[in-house]
Structures are given as C-alpha cells and as structure tokens.
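In what comes next, chain A is part of two complexes: it sits with chain B in the first one and with chain C in the second one.
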Partner chain A sequence: MAAIEVEGLCKLYRTRIKEEGLKASFRALTRPVYKEVKAVDNISFTVEQGEILAFIGPNGAGKSTTIKMLTGILHPSSGRLSVLGMDPATQRRRLSYRIGTVFGQKSQLWFHLPPMDSFVLLGAIYDIEKAVLKKRIDELAERFEIGDLLKTPVRKLSLGQRIRCEVAASLLHSPDILFLDEPTIGLDVVAKHRIRELILQMNREQGTTIFLTSHDTGDMEQLCRRAIVIDHGRIILDEPVKKLKYDYMNRKIIAVRFTGEYKLKEIDGITLEKSGRLGARLSVDTRVCSIDEAMRWLIAQGGVADITVEDPPMEDIIASIFEGGGQSLGGGR
Partner chain B sequence: MAKLRKYLVVTRISLQNVIAYRSSALGGLLFYSLFIFVFFNLWRAIYKGGEVTGYSLTQMIWYLCITELVVFGCRSGVYNQMNDDVKSGSIAYQLNRPYHYVMFQFFNALGNMVFNLVIYGILAIILGLIMAGPIPGFSFASLPFALISVFLGIIINFFFMITLGLTAFRLEENFAFYLIYQKLVFMLGMFIPVEFLPKWLQSIALYLPFSYVAWAPARLVVAFSWDLFWQVIPVQLVWALVSILMSLGMYSYGVKGIQAHGG
Partner chain C sequence: MHKHVVRAMNVFRLIGLYFKVNLASALEYRASFLLQAFGMALNNCSFVFFWYIAFSQIGGRIGGYDFNDVMFIWALCSSAFGASHILFANMNSITRIIVSGELDTFLLQPKDVLVSLLCSKTSLTAWGDFLYGFILMALTHGGDAQAWSMFLLGIAIGGLLMTAISVTAHTMTFYLGDASLIGSMALEFVINFCIYPEGIYRGVVRVLMLSVIPASFIVHIPLKLARHFSPGLLLLLLTVSAAYCCFAYVFFYRGLKRYESGNLIIARM
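Up next is the complex of A and B:
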C-alpha cells in the first residue's frame, strides 16, 4: 500500500515586492505590488510503505514546503494529497498521531529543561499511557544511546546529542511515517553517520516509512534506495539511487597541495580544474578512474603535502542532470 | 478528562521551565519595584495638594500595586513567542500535534502566569505594606470575590493577546497591535483609575474591554462593593467569552493561510 500519494501538487506564495529607494517605499504603502512565487510546481509521486525516500535539491528548491504540505501545516494551492489515506490539510490532528517530524534546524525540545521533561510532555500530548511511555522511552534511550543525556538540560547538549534526542522524541508515539527535514545539517561526519545508522535501523526493525529531505548527497547515498531530485519546485529526477549515482554522481573532487613545484602527467579520467603554484583541483570521473587509481597516480607524482577528497556540491549535480538531458520525466524545464 | 490531563501536563512543564529559567524573572522584579516607587512618589505629591475623590492615598498605592501585578503577572511572552515561532518556522513543530493550538498556548502560558503571579504577588504585598500599610477597613471576606475579577481580567488579557498574536500567521509584521493594545490597557485603568478620566471617556471606557483587565479587578480589591461587583462581573464574562471566541476564529482563519518561513 502507498503511504504517501501526491498528484499535481502546487504551492504558490504571494510575496510583496518593493523596488529600491524611498519613493518606491511610499508607493508600496498605497499600492503594494505582489509577485507570485511557485514554491512547488505540479509535482506527483508515490511513496510505498516501508520505503526510505530521499527528497533532495538545493536550498530553496521547495523541499521543506513539500514536507509542510504533507504534514498539514501548509495548505496546497492545488493538487491532490493523501498521507496514510488521509488529507493532511483537513485531517491534520488525526494524522498527527501517526506521523513524526524532525526539522533539523529547529527544536521541539524545551531549551532549559532536560529532554526527559519534553518526552513526558509529548507522551501526554500523544495520549500515551504512562507505563507504555516509560517502556518506549527506555527502549529509545537504549537504541539512541541517550540514557545519560535525558537528565541534562537541552542547552547543554551538543548538536549531535540534541539531534539524537530530537529524532527519539519524534518516535515516541511510534509513527508510521517519519518526516526528516535536513536531519544531518550542521553535524560532523561521525554524528551524521550515527544518525543515518539509527534511521536505517528504525526502518528495518519497525518498518517505518521515511521521507527525508536533504541537500547532502551523503544522506541519500547511505540511506535510500530511491531519490527524487527537486529544483525550482519541480521534480527533475525520480530514480533509484544506484542509477543516479552511476549517471550523475560519478565525479569526485580532489584538492591537492604539493611540497614544491610539481608537474602532472595526463591520465584518463582525471581533469585538471584549477592549478596554482603549489596546489591543484582535480576532477575524477570514477567510471573511468577509481579513487584508488587516482590516489596511486597522485602519489606517484611525488611531493604530496595534503589531499582532500570531496563530493561535488548538490548544485553541480543538478547542473549535470540538466546537461544530461534528464532522461526521465520530460527533461526538467 | 483525558483531554484535560494533556493540557495540565503542558502547564506543569511550562512551570518547570520558568523555574529553570528563573533568572529572567529577576530583572522584571527590579523593574516592577522601580515602577511602583516612581508612581508612589507621584501619587504622594498629588495627594499633598488635597484628597482625591474615590481613593485614599493608601488605596491608591494598593491600586497601583495590583494593576501592575495583573500586568506583570500576565506577562507570559505568548505574543513574542508566537511571532518568533512563525518567523523562525518553529511553528511547524507546534501545529502538527494532536491538540488545539490555542488551548496549548493558554495552558502553556498558564505555567508562566502562575509563577509570575506568585512572585509578583509576594513583592506587591511587601511593597504595599512598606509604602502604604494596611488599608483601613479592608475586608478579607470579600477578597475571594475580588480575585474572581482578577482571574477574569487575566483571561480577557490573555485571549486578546493571543488573538492579536495570531495575526502573525497572516501578516509580516504585527507588533503595532501589541503596542496599541498595551497602551489602551495602560491609559484606561492602569495608569490612572477610570474614575479619574473625563466623563465622556469614562462612559466609552466602560463599554470597552481594556478597563476590565486592570482597573475593575484592582478597584474591587482595594474598595470592594457588591454594587460594583455585580456591575463588573457580567461585563467581564462577556468580554472573556468574546475574546475566547475571537481567538478561536482568528486561529482557524490564520492557520489556513499560514506563511511558514525558514526554509
């Protein structure tokens, strides 16, 4: 059964526009000019129960707006929405018992109180019986390794610790679907990895459907089998992550610094993007040349002082999707 | 019953929260004392020029302590809180929960208000006793009835505040409403009792809600009379009901067109 069904969903925002200058300010007082912005532009997709879906795209692509519509906070301008068979806009309260949300940039925990107090409050709000709640908290505390943190005021927790508590808080009422909006934003590599593992575990053991937005390609690679890429409110790609990875995420960026003057011998699959006197930026096509090969080649050049390997930013991946003609879904715009 | 339990837990947690964050109350206590002290001196100077009808100096000082208590005690921060929540987008967390948002805000604010009323109440009694001493002929038997009026004043104040605060769901900037409301409560009863206003303004003020937040309850505490009680309570009940209905209406209107900012 489908957990989420979306058809032709649109969200228009009306924002006031004002030109520069004092004169324009006065004019805007009497005759405000509005501009319509399409935050979400006619998107359709289905998420099956138990699936982990990545909803990715650059900042301002419409990811959060979509989540807010799916959870009933924003009302769609047009289109059809069904979450667990309910209409979020009109059945928000009933739906809220069965979904959980985590907004990575916001907190649902009381800042001055230990997470335990927030958990008790949420337990009451979701009408969870005391004994059941206690069992659930113990279970989540063990799984998320937050047992020691539950008695510490939230303001004293590190971001990674806090996010673990946030995710646990959103799972207290055992939701069928968990919406995660940028859950790993601002976390270091280790903490990111932790959160991803926990999410995977929840999905595997409890069959929780997971809808995740992110602009971190790592979240998608490590968590999801399927990804939807959105840009300017439109779906530009809806594919298995494997295929996406092969088609578009086949590049790594290597930044290298040398101890002295250097000379690079050409090799297939590696292109020089930028070079300075002591350093260079290389782009590696991993389909032609593996990272392993690239490293060996680089070391062979001699005199390497430092190497950093990065994924290309989301924006670049999206650009390459457009360039590639976007074989699915009508090729974007 | 199960429903009420949910909201009482909200109040309990918010009370725990203000207690954990009590240092913020200290500044308020200082400000309250300063305010009372300034007006105490002002009224003393005025009364030197002759007795003012309706209130003895002692009653006036107590009146001052109580109106300020209502206003300071009611400071729940709900207005700013809602504004911040909409602007930062945290509102997303508060809306998709199985409770009524307005009721949640009320019981949440109640925790703050209980805490504030207790600490400001103690301070008000101490300051009143130091500066004015006990009111001659004060009847403790009528105090509970006066407190009903205090309670209704708090309800009116809260629900007007939340009605205005909810405009944040639709408007980019709504701070002006807050200022206007605050000043009306201040001018029509807090700064000076309604009896001291010009006759024409008095007759208007008695039909408006603002004087029933601070003036009516404070008057009943310092100079209780059954006549006034039966005159004030029905009006307060009507305004309490109106403000509650307005807040519910504003909520259902606002939530349909909420502009959720912040990504």
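Up next is the complex of A and C:
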C-alpha cells in the first residue's frame, strides 16, 4: 500500500525582481515587476509503506519545498498529494499525529532545557497519555542511548547527541512516516554512522516509512534502496540506489598527505586531480580500481602520513547524470 | 457547543503547559531572571514619582482623574502588559518567526498554530511589569474589592487586547514581506494612549480610542467600571474585546495561507 502518492505536483513562488541601484529601487516602489519561479515543477512519484526513500539533489533543487508540501507546511500551486490517505493541505492537523519530522536545521527541543522537558511538552502536544509517554521515552532512551542525556540542557549537548534527541523527539508519538530533512548535516563521521544505524533499526523493527532528503551521498548509499534525484524542481532520476551507485557514484576522492617530497605515477583508474608539495588529491574510478587496490598502491609509494577517503559532492553526481553517464566521473576530468 | 468547550479547554491546557516549560527555561538563569524582573519594577516606579509631582503641583484632578485613578490605569496597563508578555512573549517576534521559517515547527504540530507560536516564549522583564501593577494597586486602592475585581478582569482583557494588536500588526508580514516596524510600533502606540487620563483626549482621538486604537477598552472603561459598576458597560467591554481577538485570529489564519517557509538555522530558546 502506498504511504505517499504525488501526482503532477507544482509549487510556484512569485518573487519581486529589481534592477540594481537607487533609481531602480524607487521605480520598484511604484511599478514592481514580479517573476514566477517554479520551485517544484510537475513531479510525480509513489512511496510504499515501510520503504526508505532518498530524495536527493543539490541546494535549491526543490527538496525542502517538496517535503514541506508533503507535511502540510506549504500548499501546492497545483497537482495532487496524498499522505497516508490524507491531503496535507486540508488535513494538516490530523496528519501531524501520524508523521514525524526532523529538520537538521530546525530544532524542536528547548535550547536551555534538558530534552526530558521538551519530551514531556511534546507528549502533551500529541495527546499521549502520561503512562504511555513514560514507557515510550524509556524505550527511545534505551534505543538511542540518550538515557544519560535526558537531564542535560540541550545547549550542553554535542551536535550528534542533539540530533539523536531530535530524532527520538520526533518518534514519541510513533509516527507511520518519518520525514528527515538533512538529518546528518554538520555531523562528524561517527555521529553520522550512528544516526544512520538508528534510522535503519527503526525502519526494520517498526516498519516506519522514511522519506529522507539529503545532499550527502553517504546517507543515500547506506540507508536507501531507492533514490529520487531532483534538480531545478524536476525529477531527473528515479531508480534503485544500487543502479545509481553503479552508473553514477563510481568515483571516490582520496586526499593524501606525505611525510616528505613524493612522486606519483598515475595508474589505470586513478587520476591525479591536484598536487602540492606534501599532499595530493586523487580521483579513483571504483569500476576500474577498487578502494582496497588504490590504498595498497598508495601505501606502496611510501612516506604516507595521512589518508582521507571522501565521496564526490552531490553537485558532481547531478552533473554526471545530466551528462548522461558515469564516464565523466570515473575517468577523471 | 460541547466541541467548542473542549477546544477552549485544550487551548488553556496548552497555554499552561507552555507556561511551565517557559518558566523552567527562564529559571535556568535565576540571577538574570530576578535582576530583570526587579529592574523593570524599579524602572516603572519612576513614573509614579512623576505623577505624584504633577498632582502636587497642579492639585485636584487632571483630565477628570485624581491621583488614584491615574495609578489604577498605570497599574492595569503594566500588569496587562506583563501578563500578555509572560504568556505570549512571542507576540513581538511574529515577523521574525514568519520570515525565518520558524513557523514550520508549529505547523508540524497538531495544536493551534497561533496559540503555540505565541505561548512558546516568555519575557523575564514582564514579571516585573506584572508584579508592579499589583504593588501599585495595593498601595493606592488597599482593600477596595470593586477596584480589585475590575483590575483583575482588566488584566485578562487588556492582556488579550494587547496580544491581538501585536498579532494583527505582525500578520501584515504575510502581505508586506516584513512588518517588523509596524509590529514593534503598534503596541507602543496604543500604550501611549493608555497611560494618560481619558479626559485629555477629545474629538476624533476619543473616537479612535474606542475603535481602531482600543486603548479605552484596555484601561479607561475598566476604571469606569471600578468607579461605578454597570452591567451594560461590562457587556460592551467583553463584546468589543472578543471581537478584537476574533479579528486578530482570523486575520492571522488568512495570512497564514500566504506563508512561504524560509530555511534559516533555528534553535528554540
């Protein structure tokens, strides 16, 4: 059964445009000129119950606008929307009992108070009975390992700890769908990994549908089976993550630092992107050369002080999708 | 009818919950809380001194009010302002909340957006304003039961009217893009009319104070009722105040349909 159904969804914004300079400012007062911007442009998709969907794209692609329409914050300009059989625009309050949201950039916890106080308030906001709420908090505290943090003011928590509390807060009312908007933004590698593990666990154990927007390719790779790529408000790809990974995410970036002067000779699948006196940046085409092989080759060069392996930025992946294949990312640029 | 009663009870319960959380948050900084509340009460005392000097120089009545009458409107204005800002301190930040996209948090919850938004912050200095009114009443009206009952009713009505004025002014943001200036000036403007005797205003200004600028409904009519109780006047006060609040509520929800959520990084303080 479908948890989310979207058909021909559009969101138009009317923005005032103004030429530069004081004269133009005065002119804009009397004769304002408006331009229509399509933030979301005729998109259609379905998300099944229990599915984890990655909704990805670069900044300004329309991800947040879509999530805001799905949760009832924004009203669509046109198109049809159904979330758990409800129309978010007209049944926002009813729907909010059955969905949870985590916006990486917006906190629902009181900054100066311990998370426990926010949890109690949220429990009342969602009309959860006291005994049920207590049981739920205990359960989430154990699962998210936040028992020790519940009585510490939020301002004293690390970002990773805070996000764990944010996710727990969004699950207090046991929602059927969890909307995660950039949940790992600003987190270090360990904290990201922990959050991803928890999201997966929740999906497996409770069948929660996850709608994840991110421009971190790691979120998509490690959490989702299916990904929708959006750019300039349009869906440019809707396919299994496995296929996406094979076709477009076949490059890793290795940043290496040496203890002294070094000399590198390019081999098949490894391209030197940038080199400095004591360090270099390499692009590895994982279809030709595995990370394991690349590491062994690098160590064999001798004098390695530090190595970092990164995913290429989302913007590069989108560019390669537009270019129509993985070649442009794999073989160096 | 039953549905409306349940809804009203839920709103009161929500206000109570937010009040508890806000107070707990304010008490995280106890010294700051006490200092700000006490500082505001002290600041307000300077105005009593000013009026005391004025009455001793001029003597008798000013604009039809004696010293105790002026103290009544000052006490009521101060406590109503305090109560509204203790419970609904976000009334001053509505424009910022709309522009920054912070409204999203309230739209995602199953409770009334406007009530949740208003209640989710308290003001520390408002406690000083609130308590100052009670001290002033105790000093000038002692155990006058009629004055005290109108004072207490006036706090509730005045607090709601002040909130309604702020909400209406800040809601203009949905239409203008940024109404922060109108928002910050509107309440100050109305309060300026509240803190002087009604008799000094004449003609059009008097009409405005009974209509667009509801200053008379905040302080002057409750004072009239404290002097000579009249059921008709009380009914008028309640009806007009309810109409004002309903207008602000409906106006906000009309504006909300135009909301375009922003994407700034937000923390709840």
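Heads up, the rule we're going with is that the second predicted complex is superposed on the first by the 306 of 333 C-alpha atoms of A that agree within 3 Å, B and C clash if a C-alpha of one lies under 4 Å from a C-alpha of the other, contacts with A are read in each partner's own complex, and residues count from 1 in each chain.
FYI, a residue touches a chain if its C-beta (ideal position, glycine included) is under 8 Å from a C-beta of that chain, and two chains touch if they have at least 3 such contacts.
Values in this document were obtained by computation on a predicted structure and should not be read as measured data.
Upon superposition of the two complexes on chain A, a steric clash is found between chain B and chain C. By the touch criterion defined above, A:233 lies against neither chain B nor chain C after alignment on the C-alpha atoms of chain A. Legend: residue contacts after superposition of the two complexes on their common chain; A:13 is shown touching both chain B and chain C.
Applying the stated contact rule after C-alpha superposition, one finds that A:73 touches each of chain B and chain C. In the superposition on chain A, contact of A:125 is made with both chain B and chain C.
Within the superposed three-chain model, A:107 lies in touch with chain B and with chain C [touch as defined at top]. Shared-chain residue A:183: touches no atom of chain B or chain C. Across the two superposed structures, the residue set of chain A contacted by chain B and also by chain C is 13, 64, 68, 71-75, 92-94, 96-97, 99, 101, 103, 105-108, 110, 112-113, 117-118, 121, 124-127, 153. Residues of chain A that touch chain C in their complex: 13, 64, 68, 71-75, 92-94, 96-97, 99, 101, 103, 105-113, 117-118, 121, 124-127, 153. Those residues of chain B whose C-beta lies close enough to touch chain A in the complex are 2, 5-6, 9-10, 13, 16-17, 20-21, 88-93, 95-99, 172, 256-260, 262-263. Remark: chain C residues 13-14, 17-18, 21, 24-25, 28-29, 101-105, 107-111, 116, 257, 259-261, 263-269 touch chain A in the complex. Those residues of chain A that touch chain B in the shared complex are 13, 16, 59-60, 64-65, 68, 71-75, 92-97, 99, 101, 103, 105-108, 110, 112-113, 117-118, 120-121, 124-127, 153, 181-182.
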